[in-house]
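So that you can tell them apart, the chains are marked A, B and C in the order they are listed, and the count of residues begins at 1 in each.
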Amino acid sequence: MPSIPGSEAYSSDKEKSMAELLKVENLKTQFHTEGGVVKAVDGISYHIDEREIIGLVGESGCGKSVSQLSVMQLISTPGEIVGGEVIFEGQDLLKYKTHGPEMRSVRGAKIAMIFQEPMTSLNPVLTINQQLTEMLELHLGMSKKVARERAIELLGMVGIPSAHNRIDDYPHQFSGGMRQRVMIAMALSCSPKILIADEPTTALDVTTQAQLLELMKDMVERFKASLVIVTHNLGVVARYAQRIYIMYAGRIVEEGTIKDIFGKPRHPYTIGLLKCIPRLDEEEGRKLVPIEGLPPNLINMPPTCAFLPRCSYKVERCFQEPWPPLKRLHDRHYISCYANTEEKTGEPTER
Amino acid sequence: MTTYIVRRLIQALVVLILVTLIVFFVMRLLPGDPILIYVAQTAELEAMPQERIDELRAEFGLDKPIMVQYANWMAGIFRGDFGTSIFYREDVGTLMLERFPITIHLTLLSLIVGAIFGVLAGMLTAVRRGKWLDKIVTPLTYVGLTIPVFLLGILLIYAFGVKLGWLPISGYTSPLDDFWLSTRQVIMPVFCLAIFGVAANARQMRSSMLEVTRQDYIRTAWSKGLGERAVVMRHMLKNSLIPVITLMGVSVSIILGGSVLVERVFAIPGVGSLLVSSIFGQDYVVVQAITLIFAVIILLVNLIVDISYAWLDPRIRYG
Amino acid sequence: MVEKHTSDIGFSEAPVRASEWRRFRRVFFERKLVTFGLVVLVLMVIAAAFAPLLTPYDPYELGDAGESLLQPGGEHLLGTDLLGRDTLSRLIYGARTALMVGFISVFISGFIGVPLGIIAGYFGGVINMVIMRAMDAIMCFPMLLLALLLAAVLREYDVISGIWVVIIALSIAIIPGYARVTHGVTLSIKENEYIMAQRAMGSSNMRVMFRHILPNAFPPLIVLVTMQLGALILAEAGLSFLGIGIDPPGAAWGAMVWDGYRYLANNTALWLSPGIAIALVVFAFNMVGDGLRDALDPRLRGLL
């Protein structure tokens, strides 16, 4: 993709991949509530390459889901996208009208999304067939009959047994895991370029989680799509993502390859996150260390680093200067932190 | 689903028996001799010789124990025998057949008008929430829910009948005899009877639409790239209509209750006005028949509503 | 569905804190129509209470010759009826009738309906079945129709005066509303630990039902009473419009509308003023009920 006009210092010094598919620049989304303005997403920038899998990780309420809904322009009042760019195929999606035809031809067809709650994300009064075929008819112009055939085929691909018998069932006749499989089939039905999976496995039990992640990985490979996994659980993305963005309080605080993040995590928050993942290969007795304190209230945030109150690495500068911009450590590893976190990270976190 | 329907049917049967008991025994609460229910006035009764009274008592089965009387009354109703009107000197069943079509005509029209306009208004105000249409229509629904029907009727007559002279102010003609005149005559009464349904349906539809808007599956629908029309008509409408359907029973109840007043205002010879004149004429056999029929209609509507409610929601249908 | 929604209604046993009161006031007065309704009701109560002081004329006194059917304006602000009685004075006295019927009826029916609902919910089983099905049966009759049926019968008892015929008939007609609300509340909280604890400690059923369960039903009951006052006044107007209830020369708004209807075009004030009075008051009770519901417990939306 050619260079993007108006790119900031941060992005210009970054190596550009020719296969860059989506580029989000300085995205800001706010919610206007009674208590004040909630800066749910406060200027995040990220990109995803073709056929890449990235992870977007952070505690609940850090704005990771909102950022993805913003990309799709699915923010409704009192939320509002107040700034930034979402460049996809050379076009800024945020310039499109929310429910205008251009945006609609992107949604579902080019960028598709899977949501957290498989129990409530499918319409209870429409059959699986009705919900699967409407996209095929809309975006690919298939006839009802062809769309149905294709829908059965897709259900088979995501591992729904005897799909031709189940296609006229209603969502409540499926288990949670099966519904999420239906969602995957639906999301991929129009061969989108990007699949966004918003906490796709959080509501499911552990065995189902692993199966679904494996399925999603296989499916995006098969459909040659890129995948954004949004999760609060670093463990979920560890095996699948190539790069990871760590979000905190509406911002990206660290980004890097899977090796960077798990091998040499540098932001205090990332270090904290890694300490609370249980690992089977650890020696007995390693303590899981929860991060002290609570995530910040996103209303009336101080200009300084939002992680400051919970940080154990803080230095004088943190109190005096505003939240630091992302700075490059090396290659594709960036952090937003003043402190020198290197010497303390001697613990064996490498996988 | 089957268990649900069976359970609901049994429940309805129990309620039906209770309804008949209420109608039967309320009439027995009348002071004085129960024979008064069947024969005109006290004066007439006093003038009768005792043998004649005993004869009548035997004829109406009033010499039997009360539960036997109830059973006989019920058996009569199942045969279509509602007794004889002392005022019209006519079989009550025949009388009902003359009067009921008029009330049913008005009731059905009012129900349809209430459903169509109410659902439409609710949809539009929900989709355009906070816009001018919503700001005007939604407060008006409060007025629709609370305005006395008889006042509305008189206001309409005053405006469209007397002042503007557009519509006939009273009477009823069967649509089979003169469709045009009939339609002009029923416009105002139907407006009065439908207004509650319009308002109630609009409010329920609006709030259930707004509720559905927040659901995850609507976000899914948007995320598929569907247009507003498809999202509203395909994904929201059916879900939002389910709670609106429960209002049907209430609407019928309000319409039938209101028909007593509206038929009086517009001088329509339906069962509503028959009921009022029978009460004043102490024609209790007719009063008994009308209240029973009204209650049974409402009971049946509620039963149908509950079953169709379950049928519309696949979670219950296959549950 | 009802059970689910009402599952956590109430629990207002904690003393009302000042902040709760502030929140209540803020939500209640948020909507202008609710404030409007409250003002209307306050004015109506004042009018009814001080009727003899406020009325320019005796509402029952027949006018002299030539005072019949006067148009509004002049000495008689709203004109006079056929018998020369002052419409405004009769309107003010009509407020008394309406409020009296409304308040006494909610009291009587609450006195019967509330215990019925609690007993049904608390004991369950056959008792519950009998009571609640009976309530369903009563609800099969349109309120106005049942009241009409009962009034028709009660009217035949010479000892019951017209207004009490209406009060008793309406009271019976609205019992199911109370029973349903308290039934729902009882069902939702009778399995709660503190209720179980009371029972385990050997509190009598009566004590548990009325000391511990009943208070939880207060918020929805307050809303229900307000809404029913509106419905009762509407029904009373309907009955008196049909000529049932108030004995002459008593003033009732519905009867005034019917009497005035004969002079539809000649003397609009005669039917329009009592008609507007009914509409305003019923509207006001509904708005205040709505406001109370939102302020006390918005979860009741759609239920009451």
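We take it that a residue touches a chain if its C-beta (ideal position, glycine included) is under 8 Å from a C-beta of that chain, and two chains touch if they have at least 3 such contacts.
Values in this document were obtained by computation on a predicted structure and should not be read as measured data.
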Could you name all chains that are in contact with subunit B and with subunit C at the same time? none
So which chain is the furthest away from subunit C, centre to centre on CA atoms? A
Maximum number of contact pairs occurs between chains B-C
Between the Cα centroids of subunit B and subunit C the separation in whole angstrom comes to 22
Inter-centroid spacing, subunit B versus subunit A (mean Cα positions, whole Å): 55
Touching subunit B in the complex: which residues of subunit C? 33, 129, 133-134, 136-146, 148-150, 152-154, 156-157, 230, 234, 237-238, 241-244, 254, 257-258, 261, 264-265, 268, 271, 275-276, 278-279, 282-283, 286-287, 301-302
Help me check something: in the complex, which residues belonging to subunit B touch subunit A? 215-217, 219-228, 230, 234-235, 238-239, 242, 312-315, 318-319
List the residues on subunit B that touch subunit C in their complex, please. 11, 14-15, 18-19, 21-23, 26-27, 29-32, 139, 142-143, 145-151, 154-155, 157-158, 162-163, 204, 207, 243, 253-254, 256-258, 260-261, 264-265, 275-276, 279-280, 284, 287, 291, 294-296, 298-299, 302
Which residues of subunit A touch subunit B in their complex? 69, 72, 74, 99, 101, 104-109, 112-113, 115, 117, 120-126, 134-135, 138-139, 170, 172-173, 183, 186
